[in-house]
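Multiple structures follow.
Shared between the two complexes below is chain A, which has chain B as its partner in the first and chain C in the second.
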Partner chain A sequence: MNDLVISDAVQQLNRAVGLIVPDVIVLATVCLMFFAAPFLVSERGEAPAGLRHRWGWLSLLSLLVAGYVWWGTSPQPVTTGPFRLDELTWFIRGVSLAFGAVLVLLTWNQADDARSAETQACLLSIIAGVNLVAAANDLVGIFIALELISVPTYLFLLLPRRDAPAQEATMKYFLLSIFSSGMLLFGMSYLYGSVGSTNLEAIYAALTAGRAHPMPILLVVAVMMMVAGLAFRLTAVPFHFYAPDVFQGAPNAAAAMLSFVPKVAGFVALYRVLAVPVEALDHWSLAQFSEPLLWWLAVLSMFVGNLLALLQTDIRRMLAFSSVSHAGYMLVGFVVGTATTGGPTGFEALLFYLVVYGAMTLGAFAVLGVLQRPDRRMESIEDLSGLSRNQPAIALLLTLFLFSLTGLPPTAGFLGKLNLFLAAWGTGSESGHWLAIWLAVNATIGAWYYLRVIGTMYLQPAPMAVTATDSNATPSYLAMGLCAIATLGLFAVPGWLWALIQHV
Partner chain B sequence: MSVLVVLILLPLVAAVLMLLLDAQATPVRARWSALLATLATVGVSLAVASQYTALPKINAKDHGKPISPRMELRHDWLTLAPSTPAGVPTKFEFYLGVDGISVAMILLTTVLCVSAVLVSWTAITDRAAEFYAALLILETGLLGVFCSFDLLLFYVFFEFTLIPLFFLVGIWGGPLRKYAAGKFFIYTLGGSLITLLGLISLSLMVHQETGLATPFSIPDLAQTLLHHRLPLVVQTTLFLMIAAGFMVKVPLFPFHTWLPLAHVEAPTAGSVLLAGVLLKLGSYGFLRLLLPMLPDACRTIGTPLIATLSVIGIIYGSLCALAQNDIKKLVAYSSVAHLGFCMLGLFALNVEGITGGVLQMINHGLSTGALFCLVGMFYERYHTRQLSELGGLATRLPRLGVLMVFTVFASIGLPGLNGFVGEVLALAGMFKVDMLYSALGALGVVLGAWYLLGVLQKAFFGPVQLPHSHDGHDEDVPDLNAREVLALAPLLALCLYLGLFPQTLIELIRPDVEGVAYVYQVTSHHDVKVVVGEMQP
Partner chain C sequence: MSWLNENVLWLIPAAPLLACLWIVVAGQFIRREKAHQPVVLGLIIAWLCALYLLFSVVPSTFEHAGEHAAEAHDDHAADSHAAVGGAVKYFIYDWFHVGDGGVQPTSMSDDLARADAGGISARVELRADAMSALMLVMVTTVSLLVAIFASGYMQGDPGYPRFFGALSLFVFSMCMLVLASNFLLLFVFWEAVGLCSYLLIGFWFHKPSAAAAAKKAFVVNRIGDFGLILGIFLLWTTFGTLEFDRILADPSLIRQVVLTQPEIFTTICLLLFIGAVGKSAQFPLHVWLPDAMEGPTPVSALIHAATMVTAGVYLVARCAPLFMHSPFALQIVAGVGAATALIAAITALTQNDLKRVLAYSTVSQLGYMFMSLGAAGADPEHLMQPAVTYAMFHMFTHAFFKAVLFLSAGSVMHAMGDVIDMRRFSGLRTALPITWITFLAGALALAGVPLLSGFWSKDEILAVLHMAAQSETHGTYYTVILCIALLTALMTAFYTFRAYFLTFHGPEVFPPEAGHHPHDAPPAMAIPLYILGAAALLIGLATGPTHLYGHYLHHTPNMPAAPAHGPDWLMMMMSTILALGGIAGAYLVYGSHRGAAGVKDNASPLVKFSLNGLYLDELYLALVVKPLRSLAEVSEIFDRMIIDKIVDGVALIPGVVGSILRPIQNGLVQHYAFVMLLGLAAGMVWMLQSLTGSN
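And now, the complex of A and B:
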């Protein structure tokens, strides 16, 4: 009898682990790196020169193996186990592994030899965390996976450059992140309280059956708190306060990571808790509470992000506010959801935009990472003056990414915004039309500050030459190239990505 | 590979090669490469034209299609599966083709690009390779617009032209170039985003109501809308949205403020292409999208609104031109007036008017392009464009004087030169619809003669007066050289040819103009039927 129970439990465990093999591989690499790294560094903190290359290769290898395994997996029917492998999980895992590789390239030379193992390990565990957010089938699982992103992020922000701005950035991020986790947990506890389970499938079933109806106020509190907690990850207004300071102070790769990865995790988590795909009801069940909330979040994020970005002089702060506004664009897709009558659904448009946004924002940060002034780090937009003369190729690439962020053809950013337009307009409802109109207005406002950067690069003379770092930048150039290919390629041949998304 | 793909990609490939292989090229190498590329493109465009004219003509009435592109090339771009199982997928396509109107515009574009390279020959020495690359990329964008028969592809090229022009104005422009480039960019981008919203809602609406699988294909959309007419309120809303971007681009009266600024600051080549082709994207958009697709809105709101704005533009633009001291700004304001004639013709909504409008598009491209070339040429010599500082140039520079007189006559619309036929047809078309617009528009012809002849009188005839910087050593200012004459010759030859034999061009565009006018014949018949039906229940 006991044997049976045990073997049954082992079987269940095996089944559960079978759904997250790629993430296990990545996490195993993390453990290996944390374990082995101290033995390769002397007591005075010196490491053999070039050690970071080995850690870099190891990280890439681990992502590659995980990616190979991922490609072999296929979506499984969802049960009530701890993990799920539905189409969304599969898709998000592919996205996070692919962009994880780009981030590994960006991080390659950020930390010195002695600390690169820990830095890369933090990055890998962040990537595994994103995968697990998508794979979790339980509120607790989602929360733990989100913490698997947050906790290494604190280290990742500080490790490569332990100076005062980085410390300030880390501290700010740490405090606000803890706060948002608290709100998320609070909301989840109310959701648990009203439906009596933490398992997502059980929650969906309970909501469909109307078991939470006697106390709707509990659900309202739950939804509001969870949205607030997750909006922090999305950098949606009014939970965006940390973004400009953190982006400005953090090392370049960390800022790049923060502009993209938490958004992926945040949107997936938001989808899991809010977008209950109930066939019978044929609409989003918690949406009646969350939709007005998210509508305002979307509009506020777009306007605040874009208007404040207009005022920035520091390029990373500008990109931070641009990241806020892009969170707003993507929230448009989320709000629209499946309520479209023609064209793509909002969620499809959101996923497409997420991938495109990853390519263009990581590309832009990759460019900023290789630029240096002789006397100090490249910081203000003015520092880019005359870049087109000194570094024509790099200036051209940054122009490409900025035009893509603006949403101009021939870049993928255009198709991304177009799909959001189509989705928002396709709702046929007044609120959807307004979203589309605000999106258009904001795309125009946004054009102004991206254009200012381009203008600085091309139309200004160069007072002090900004140069590209001469050595050690190969991985960054590679990352730039990959992002540029993605940005142009997804414009010309978007069909394959779209086919993948429409399976979700 | 289709000749259209070659046509569109040739300048782009040349530009990319120039940037990749020879980014530090000397101005000499860069300009010769650019000249070769533009000449090759002219060759390809002639091939397109000859292939097109060899095709048998299509009569719109026979198979009921308002827009029938030839030499089609369709290739899937993105297919959006339906969100509901019962739905029909939405398709974006790479849909290229040409009809008579686009062939005419393509020829205009490629010829003007050669002139644009030739007038930049010595003016551009700084970052020459990048300059010519931007010019060629702009050419690709413009040719793309005229070959696109998919709404989205059309919009992509339409929007894309902003980027190279932004750099052309912003890097190689005059003292206020940064401000001018920024204003031009944001202004037109803002307008065209509203257009995009309008286009999207039009397609989605047709897709939902009729289940048309290719709601972004311009010919399919036009044909569907011919039989399935949207309610007037919807049409009006869509008309105003889609027209927003085009009204900025044309530019119609209250939306024209970016134009004089951009024109004055742009380098000569930029002004030539801006006036010659880019402004036509607006009127081409009206002609290609709004006229065939939203007939009721065009009739009920389009004609009064656009014609009023055009008439205001004609008179106001002419008066502004009269008041200018800067010749380049004067020509820029004259563009506002001339494009007013073009729009007046298009919104007459009959064969004469539309023919006149299209003719005006070509004519204005040739004559104003040539005017900007000439202004650039004497600016290079005297470093001023102020009318008050110049006088009697014709005696100093006889060749420049002769060509200037010729171009001004073409631009005024002297019989025997190209402008005449277009203006007469456009005004005659409008006359059938509303005499008042036509009469007020004709006033603009007089005003046009006044300010342009004023330029001739002040700067080219009368007592010799040279700018202060040239006091005493005016002998060393050379007259036009062979290269400059060559830059102008094709434009002026075409002005003369189209003035003497306008029938060539009219025949080229006739089937397509009739196709658009056919929409208005059919839809007015419908009105009659509906009324009759209501009267005998």
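And now, the complex of A and C:
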């Protein structure tokens, strides 16, 4: 009798772990790296030269193995277990593993040999965290997975470069992140209070059955707090303040990571808790509450992000505000959701844009990572003057990424914005049309500052030679090349990604 | 073989594309003087594939599509009724499709479903039917011969690899244009051939006249392309799809549109025709083609005589199922064609530049083709098929004899040290025997001497115009057009032989640039000349009276059926008389001229009128360019004074907004947290309020 219970429990555990094998592989690598790294570094913090390459290769290998396992998995029917492996999980896992590899390449030479193990391990656990956010089938699971992203991020921000700006950036991110996590948890507790379960399937069932019907205020508080907590991850206005300061002060790879990875996790978590796929026209679904709120968040993020980006002189700050505005664009897709007739649905457009955005923003950061001035780090937009003459190939690549961020053909950014626009316009409702219009207006404002950078590179004289870092930039070049291929390739052959997205 | 059957379609454009990529990647650095080799190889592959497509793949669709064709095979009259054929397709990929709920783009009905659902799709798909196969064979044959010719002609040019790169890119684009399965793809490659044309006209871009000519061609073509893209937009909004097989294959759909929105339908046809007018250099947009002769002569032969400029004719022929429902549009087509043929022929009478004579002749012959297409306007039901057939047939024969004429002219240039002014050389018959004989072959064919290529095709165009002239409703209109066509035929024979006699007869005169002993074409140039010359003489005889071409073309799906017609002896006789009369006239005036001095600088106003192309360039300058320029000046003032001020005002907005928002972004983490809290509180209040408000 007792044996039967135990074997039953083991079976359940097996089944649950079976749904997250790729993440287990990545996390196992993280453990190995944290464990082994101290033995390879001397007491005075000296490491054999070139150690970071080994850690880099190990990280890539781990992602490769996880990717191989991921490719072999297929979506399973959702149960009430702790994890789920539906189409969205599968898709997000693929995205995060692929872009994780690009981030590993960007991080490759960011930290010195002695600290590269911890840096790469933090990155890997962030990637595993994103996967687990998508795989979690429980509010608690989502929260813990989000913390699995946040906590290593604090280290990741500081480890590679421990100077004053990096410390300040880390501190700001740390405090505000904790603040937002608190809000999220508060919101989740209210949701738990009103429906009586933390399991997502149970929550959906309770909401569909209208069990939260008598307590709308509880739900409002829950939605508001959770949106506020997650909007921090998305860098949506007014929860975006950390972004410019942190992007500016943090190491390049960390800024690149922050511009993309938390957005993926944030949107997935938002989808899991808010976009309750209730088939019945239930008045009390959470999407009902959140839609007008998110509408305002989308419009505010687009406008504030773009208008403030216009004023920036530091290129990373500019990209931070651009990241805020792109969060707004993607929120447009989220708000539209499935309320579209004809064209692409909002979620499809959002997922497509997420991938495209990853390629173009990581590509832009990869370019910034390899550039340096003789005297100091490359910082302001002015520093890029005349880059087209000093580094024509790199200038061309940056132009490509900026074109894509602007949304001009022949880059994937064009199709991404077009999809979002079609989705918003396809709703046929007045609010949807306004979203589409504000999207178009903001795309125009955005063109202003992106094209200004291109103008600086091509039209301004070159007063000081900005050079590519001479040593060991190969991984960054590789990352740049991958992003460029993705940016162009998703314009030329978007069909395969679109087919994948349509299965979600 | 089955592999080839399935893949021959993409091989045709892929081979020249690969050659082009090779030159871009490597050919411009290594083996520069051998850059023609990959291109010729690629073109041979494309040519063989096109032949295979013509003789094996496309005919395989005929049998199963037309069972009832077999019983009527012997009956000549019923043949064209029964001829049915299908199309071969090769799906490459879906560039873009959204909003179909996961329907895989495999069949037509899905496409229809997607269109009905408001989805958007842009398929990259190759499609070949009888018409495309014939076009492809023509394009690849002429391209191959021109490329071989150019390997001799362009020898020693510093831009040798660049020339061949652009040439193979052009062949790729042209093949894709012909193989396009929808209007969107067609437009993309319509622009691509325009780009190649621009690159090749301006090949010697350091020459200001070449740069200006390239620019002119580009700008004038934009006007036509603007019409075409508007037409495509209108097609999209009207039909909800851009696939040929959806729009052209569904007579009931077309009829429905014709009945409900007749004016929209006619507008579509006219807009598509504007595109054709630009690309095929028809009046009033023909002014770019003579200037395009600034490009290397092989380019003039290939792009500006044989292939690209016929894309407009192809477009109208392809859209015949649309045009046949709009007699008005067809009448416009015929009128524009007639005006072009006449104006260009008049201009060609007095040109002194050998290549310009040929250029105006090309414009004139293209006008002929449009006249033929437009002839259907008198009675679309019965005349559409012969009209399309003869236009396409004339395009086919014209490609060969005009190519040989241009290449011979190129050979003359080659020998004369790039002098092409006919007043400066004469009597080249003995010095350049190869060039002489091939030019003569081309000239005889162009003039329409009986039994040669031009005779058969031109004669059939006259025949179909004659039929149109007998129509009750529009007989007078088409009678006028028939008279213009006959007059043009006479002038064609005259100016062609004027050029011939001036160049090859009379006393031997060489310009100083030629040196003492001008060399005739080397083998690389001579062999294509011979082949094309033979084709100019014989290809019409082989495919005209035997109806090989026509019968093959009738297998094009969606082509309106019509009873076949016997030869029109009256027109045949008249065209023979006119051709011989024109040649005799030229002989009388120029046949015995005394060398370069024999051409008088005749300053009579009529001659000047003709020499300057009816002053159309000047007219456009006065009527279009100058007013536009003044308008531009006014606009500039308006722009400076008003628009700029508004823009400056708008530009202040972000600064103002930023200055409001910037103080919050002050770097103090407690402020950030406070604002986040404020945002949270504001959102909470707003949501609770809306909740109580709604209750």
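Operating definition for what follows: the second predicted complex is superposed on the first by the 501 of 504 C-alpha atoms of A that agree within 3 Å, B and C clash if a C-alpha of one lies under 4 Å from a C-alpha of the other, contacts with A are read in each partner's own complex, and residues count from 1 in each chain.
The working rule: a residue touches a chain if its C-beta (ideal position, glycine included) is under 8 Å from a C-beta of that chain, and two chains touch if they have at least 3 such contacts.
The structure displayed is predicted, hence computed values, not measured ones.
Engineer: Now for A:M224: first (chain B), second (chain C), both, or neither, which partner does it touch?
Structural biologist: Second partner only.
Engineer: Output check: A:G18 vs chain B and chain C. Expected answer is one of first, second, both, neither. What do you get?
Structural biologist: neither
Engineer: After the superposition on A, what does A:F239 contact: first (chain B), second (chain C), both or neither?
Structural biologist: Once the two structures are laid over each other on A, A:F239 reaches chain C alone.
Engineer: Between chain B (first) and chain C (second), which does A:G426 come into contact with in this model arrangement: first, second, both, or neither?
Structural biologist: both
Engineer: Going by the contact rule stated at the top, is it chain B or chain C that touches a larger number of residues on chain A?
Structural biologist: C
Engineer: Tell me which partner A:Q502 touches in the superposition: chain B (first), chain C (second), both or neither.
Structural biologist: In the superposed model, A:Q502 contacts both chain B and chain C.
Engineer: Once the shared chain is lined up, is A:G45 touching chain B (first), chain C (second), both, or neither of them?
Structural biologist: A:G45 contacts neither chain B nor chain C.
Engineer: Of the partners chain B and chain C, which touch A:L175 in the superposed model: first, second, both, neither?
Structural biologist: Once the two structures are laid over each other on A, A:L175 reaches chain C alone.
Engineer: Which holds for A:P410: it touches chain B only (first), chain C only (second), both, or neither?
Structural biologist: In the superposition, A:P410 touches chain B alone.
Engineer: Contacts for A:G196 in the overlay, against chain B (first) and chain C (second): which applies, first, second, both or neither?
Structural biologist: neither
Engineer: Considering each complex separately, which residues of chain A are in contact with chain B in the first and with chain C in the second?
Structural biologist: On chain A, the residues that contact chain B in one structure and chain C in the other are 340-344, 415, 422, 426, 494-495, 498, 502.
Engineer: So in the complex, the part of chain B that touches chain A is made up of which residues?
Structural biologist: 19, 23, 76-84, 87, 90, 127, 130, 152, 155-157, 159-160, 162-163, 166-167, 170-171, 177-178, 181-182, 185-186, 189-190, 193-194, 196-197, 200-201, 204, 207-208
Engineer: Can you check the complex and tell me which residues of chain A touch chain B?
Structural biologist: Touch residues, chain A against chain B: 338, 340-345, 388-389, 392, 396, 403, 408-410, 414-415, 418, 421-422, 425-426, 436-437, 440, 443-444, 447-448, 451-452, 455, 458-459, 494-495, 498, 502.
Engineer: Can you name the residues of chain C that touch chain A in the complex?
Structural biologist: Contact set of chain C toward chain A: 93-99, 101-102, 117-120, 653-655, 657-658, 661-662, 664-665, 667, 669, 671-673, 675-676, 678-680, 683-684, 686-688, 690-691.
Engineer: Please give the residue numbers of chain A that touch chain C in the complex, ascending.
Structural biologist: The contact residues of chain A facing chain C are 171-172, 175-176, 179-180, 183, 216-217, 220-221, 223-225, 227-228, 232, 237-239, 241-242, 244-245, 289, 292-293, 296, 304, 307-308, 310-311, 340-344, 348, 415, 419, 422, 426, 445, 492-495, 498, 502-503.
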